[in-house]
Amino acid sequence: MTPHAGIRHPDGTEASTSEVLLVEPSTLSPARRMATTVLRSRELSIFLVLVAVTVVATLKNESFLFSADGWRNFWVNPSLLLLLAVGQAVVVITRNVDLSVGSVMALTAYLTGRLFIDQPGLPIVAVFAICILAGAVLGLVNGMLVAYFNVPSLVITLGTLYIYRGIVLSWAGSDRINAGDLPSDFLALGNKAILTIPVLTIIAMAVLAAVGYYLYTARGGREFYAIGSDPDAAVLYGLNVRRRVLAAFVLSGALAGLVGVLYTARYGTVSSGVGSGIELQAVAAVVVGGVAIFGGSGTVWGAAIGAFLLVTINRALPSLGIEDFWQRAVVGVLILGAIVLDRLLANRQARKLAEAREMTT
Amino acid sequence: GSEDSGSDSGGESDGGGDVSLTMLPKNLGNPYFDTSTTGAEAAAEEVGATIEQVGPETGDDPAGQVPFINTVAQQGEDGLIVSANDPEAICDAIGEARDAGVKVVTFDSDTNPECRDLFINQATSEGIAAKQLELISEQIGGAGEIAILSAAANATNQNAWIEMMEAELESNPDYADIELVDTVYGDDQDQKSFDQTEALLQNHPDLKGIISPTTVGIAAAARYLSESEAKGKVMLTGLGTPNQMRPFVEDGTVEAFALWNPADLGSLAVYATAALVNGDITGEEGDTFEAGELGEFEVGPDGVVLLGEPFTFNADNIADFDF
Amino acid sequence: MTSPRTYSDFSQPLWRRVLLTREMAVIVLTVAVVLYSLANVPNFDGPLTVKFLLQDIAPILLIALPMTLIIITGEIDLSVASIVGLSSVMLGVLHDNGLSVPVAALLALLLGAACGALNGFLIAYVGLPSLAVTIGTLALFRGIAVGLLGTKAVTEFTERWTDLATDTLGSSNIPVVMVPFVVLAIGFSLLLHFSTFGRGVYDIGLNDEAAHFTGVNVARTKWILFVLSGVVSAFAGVYYTLRFGSARGDNATGMELQVIAAVLLGGVSIFGGRGRLHGVIAGVVLIGVIASALRLEGVTVNVTNIIIGLLLIASVISTPLLSWVATRLPRKAPPSEEPTTPKQATPAGV
Amino acid sequence: MTGSSTPVLELRDVSKSFGPVVALRAGSLRVEAGSIHALVGENGAGKSTLVKVVAGVHRRDGGDFLLGGDSVDFGSTSDSKDAGVAVIYQEPTLFPDLSVMENIFMGRQIVGRGRRIDRAAMYAEAEGLFGRLGVDLDPRRPARGLSIADQQIIEIAKAISLDARLLIMDEPTAALSGVEVERLFAVARSLRDEGRALVFISHRFDEVFDLCDTITVMRDGSYVATHRTEDTSSPAIVAEMVGREVADLFPKTPAEIGEPVLEVEGLQSRGVFHDVSFTVRRGEIVGLAGLVGAGRSEIARAVFGVDGYDAGRVRLNGREIRRRSPRAAIDAGMAFVPEDRRAQGLVTEASVARNVASVIRGGLARAGLLTTGAENRAAGPWAGRLEVKTNALDMSARTMSGGNQQKVVIAKWLATEPDLLIIDEPTRGIDVGTKSEVHRLLSELAGQGMAILMISSELPEVLGMADRVLVVCEGRITADLPRADATPEAVMHAATRQLEVAG
């Protein structure tokens, strides 16, 4: 029996619409509706900020964009944070948070180096695979603890942040990976470009596109939102909450693992301190990107733009003649601005609902 | 645990006659300090001392070293060898350690002179500053914009050298055409130093040279330059370890850079501390002591012991070194 | 109506209510670790241990007090360490410009209050999520602090005050800073556990809508807490600066996570509504003792991190783990004579 | 019911305990295809628990559970869905951030090519469902901000769209108005005629007898009896439910009306209500009637200061009350028993004592110090007076049944000894026993000179209790009827006046 059966019923369908109604069913055409939602979207607003920053910086100093290095860095630098932000966004949408990404990234970054040193024969693809897997496993640990004991992820991942970092430190000790230890074609990956777009960026964008598409069009994707919006209701709906939460953390871990490899390819040197503090940047990117910190709403597109914006601002400030000591302050203002903006948009929608009710009265 | 090395100065009590030392670098996971610790351990063998390295993970917290200094005081070790993250913040803790009978020797980066017994200086600030300017000057042909990529904004030694360089640039007519346009800080973190290098090149299109007087910084900068269009156009020198810099010297990103041997620095620090502990010297100006194959050293003004002049590494000699 | 029925005040005997609590577990664990260390860790019994230990944890102890109340309301303040840094810089800059330490310190406290007020306004009155807001102000305050001093550090402080910050009480090994801490601790305990304000704090954490309907001024309560957090953090910053005689923008970087870890370890629920101050204080001490003992054992920092992380996780999964075990155990359901009144329902959490 | 055909659902002596709490000791139920089966019982009788066992929310501890003849054991609600069981839970469970449409189809979205979800198809079907229920909700609107009534309607749409062979409705009408109830019943009957089985839980007997053909009574978590509707009567059912005779449901004793206590003038809040003016006098019970969603709760909330308002003034005993400050209202002598007791009325995790003392605790502090002892001493008598069922004052209110929780809420407000009591849906989802207690209490309070403003969606309740009935329609007061003139017809006419003008 299809779910449609219900409406094929010779019955009150003709019921007068003279009921106590809240909001008229939208009469906009799908196209118009799409247009308006895009125009109103949070994503657009911060995308415009990003464009503005880039334009101003480029006007000040056109090598910001129009030099081989400038162009490359414009794309490469945000890529790592972007990947972390995508994973973080999915976790946050399920009303969780993953603070351990920095430590996971450090683990796999060092692992990458060790693999190349200890298993010289190993093909680069294999290294990627191993590190992504390793990240996924670490994410799985987070997910297990959160989903099966249902305890707050903030606490769990704060704990694993310490633990994973501790493991890196004990493992690496004061040993470090130097560019010299790494195969040159792996290092080249950090700067290779296809049609002037760096490979790192292409990888990041591909991941972003895949995750974004899944979240919007797959049942599973929608369930992430449902779970984040009201976990208890999700259980009553018969959604498999545990599996989804688990999946979110595994994804976040796997992406952090990937970032570890890419970090090594890009920076060539790895010490045990890699990525400390980056977890807050990732959360910041997500927040700036308009993902509600308490889950249920927001998109990975927004998170990605948020990451891009944070990094680009940092790159732009010096060109704008702002001493780099002030960068963190500017980022702070940016975050606050973003969430205040969210609130304003939300209030506007609420006012609309009120007016809509006004109409019917 | 103290592994007993046969040569015993038949003393009494602590650690079964061994001189017990603690090595406290700015932070762990820093190849420069690892090398100096290696040297220190070798020297410790010689003088029959036990030595242990402890330290914070990162060098960015000024007070990060204090708990370790406190611990040394609690343990009543004989000597502490420390490279100060902050000239002031750890003084009080050092004071307490000295009250507890610990001899405190700073190396590589000093505290305020009155805090410690001795400072083992790798080279005079003048010497280091002069050396790096000399290198960059000949690499950029004596004219053009240069910038400095430093470590933490508060590192005592870094700031001392930077001041010296600025002074030298002012005064020395040879450098009249060289302009120091910017100083940035990489906090001895790979990524930050790397990104700072990028920012330098981006914001100073006419940049000719970069001086990075810190091993982490110069390595990161070299790594960035080696892939950037600026390779060969922008010269890079500073203080680095041969092992980290080897690929970049070989691929021509870097012509020459300087450094003393950190191992010698560590080993000298141990000999000096041991001499203090055994009462051979008091740290007075003019005291002299033997430092194994490094020879004899004399305590200068402000209780400073000078290792020597920095050594220049280049394509011809870099193969001979392994640290 | 008919003769009103009467009730017993408590469903469980006193000893159960006192002993079978999360707080007690933390306290017992702390005592156990101390005893073990005294017996087995060389030099732990030394005279300096207490002094160094307390000096090290003093800032965390201080900041943990307001943080506990904030987390009980279901909010969080990630900007505390940045306020420490900012007030430290403030103190330094003002002192550098000729103000005496006490005056400069007072102004630093005011600045702290202002920072807290900003957090509080955005969270309590604009209604923004505290996690997001304080991640923002974490960056903002730290950025201002670092921006103000740049590469410089102010290290010239009047001897008298730096000494005071490192002195101990008389001949004892108790640092002077414990005096303001004890005063604040008592103050906060009374506020949280013996005042209408405190009851409001718990109600907000459990159900802020109901609290609002009951006449609790939710916004003002939260605002006050963030201001308190700002002031106390600034005080910790002043202490920190004077103890190390060095005012720097990057002072106490990352301390916020240590504070939160300690508070949660002390039995405060991140969801709000649950937790007590003595548990938190025990939590801070526990972390401090473990770190100190491990350093004396020559164990490196990373092991300490691992242990703290494990403790943190254990502290939250212990409860569900135990109840899970309980359900696995054979249970005889006693037929209760008054079914609609659960014979022994779950006692209230607060 | 013809015993021959295998029943769609059969439960025999099903039991369920939560730790020490025995929620269900011997629940039995036998539902035939093509019938609507009522399940009645006092608060805490175990109805919802029984439902949740069938839905797979809870696993039963013992007893037999047969669906279509074969024994089943559901581990999760998805199992029961797959088995063709649809459930409307007592508390609406929606995702506020998601659109109404996604709320209806979550977890079983219509998928098209490549398993992409097909939004267009689902919007179409959602609009169809609402058409069938005769409500006009925008499926694209987020669920956040919907009134309880609208949420309940979405729950219903969700359930019928499942096209299940067994549909269980746990108090679906608690928040609905007459019109909507009628529509729901129409749909229910049509489903029955299709041969589906329905279980209907309600505390409103008129509905039960109107809709259902079979009635099963539960008491104290156990099965009591099953009757065909025509063979029984509501007094009989009530007797079986409570196990005792219940006094008259609406024992309104006339009290002499005094001077005005509450005076509301020209209250207005954009989009919710407009120039609302009325007074409530000492000893008077004023009923606020109207269709659900008319804005009665909003008016009450504004008067009490929980919400703000754009224009107008509220005076209590002549003194104007600061807007948007419940504290001010309380200090002035107002009390407010809100609509949703779990979300607004109680801190369910806190102890009974804390809850009862929560409003008055300011006065309990001695030398600024407030002790649990003081709270217990203050709370005990009030809990006793309301006969709250708990064995100690430090029990949390979480696991109490609806009626018992409502008593705690009322106790907490009576403890403030107010001049004006605003009570929103005083008996929503409360069993007859407790219901009559509440009504007796209200008229007793009025007798002692308290002014009472009562909001209720149950017309009989309003007509039975109120000295004066104010009718709210779309945020406007459209009638002010003295007890004498307050006939059901008059009220319904006023409640739908503007609609008729519009339609």
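Letters A, B, C and D name the chains as they come in the text, with residue numbers starting at 1 for each one.
One rule holds in what follows: contacts are C-beta pairs under 8 Å (C-beta built on N, C-alpha and C of every residue); 3 or more make two chains touch, one makes a residue touch a chain.
Note that this is a predicted model, so its numbers are computed, not measured.
Enquirer: Decide which interface, A-B or C-D, involves more C-beta pairs in contact, and give its chain pair.
Expert: C-D
Enquirer: From the mean C-alpha coordinate of chain A to that of chain D, what's the distance rounded to whole Å?
Expert: Here the centre of chain D sits 41 Å away from the centre of chain A.
Enquirer: Counting in whole Å, what is the centre-to-centre distance of chain A and chain C, each centre being its mean C-alpha position?
Expert: Taking the average C-alpha coordinate of chain A and of chain C, the gap between them is 31 Å.
Enquirer: I need the residues of chain A touching at least two other chains; which ones are they?
Expert: 169, 292, 325
Enquirer: Do you know which chain B residues sit against two or more other chains?
Expert: In chain B, the residues touching two or more other chains are 28, 57, 153.
Enquirer: For chain D, which residues are shared contacts with two or more other chains?
Expert: There are none in chain D.
Enquirer: With touch defined as at the top, which chains are paired up in contact here?
Expert: A-B, A-C, A-D, B-C, C-D
Enquirer: Which part of chain A faces chain C closely enough to touch in the complex?
Expert: Those in contact with chain C are residues 97, 145, 149-152, 154-156, 158-163, 165-170, 277, 280, 283-284, 287, 292-294, 323, 325-336, 339-340, 343.
Enquirer: Please output the residues of chain C touching chain D within their complex, sorted ascending.
Expert: Residue list for chain C touching chain D: 1-2, 4-12, 190, 194-196, 198-199, 202-203, 206-207, 209-215, 217, 273, 333-336, 338-350.
Enquirer: Which residues of chain B touch chain A once you look at their complex with the stated criterion?
Expert: For chain B paired with chain A, touching residues are 28-31, 33-34, 57-58, 153, 184, 189-191, 194-196, 198-199, 201-203, 205, 219-220, 223, 226-230, 243-244, 246-248.
Enquirer: Touching residues of chain D toward chain A in the complex: what are they?
Expert: 55-57, 76-81, 89, 93-98, 102, 105-111, 115-117, 120, 125, 127-129, 131-141, 145-147, 150, 160-163, 177, 179-180, 183, 186-187, 190, 270-272, 274, 291-294, 474-476, 499, 502-503
Enquirer: Which residues of chain A touch chain B in the complex?
Expert: 61, 63-64, 67-70, 73, 77, 169, 172-176, 178-180, 190-191, 263, 267-274, 276, 314-315, 318-319, 324-325
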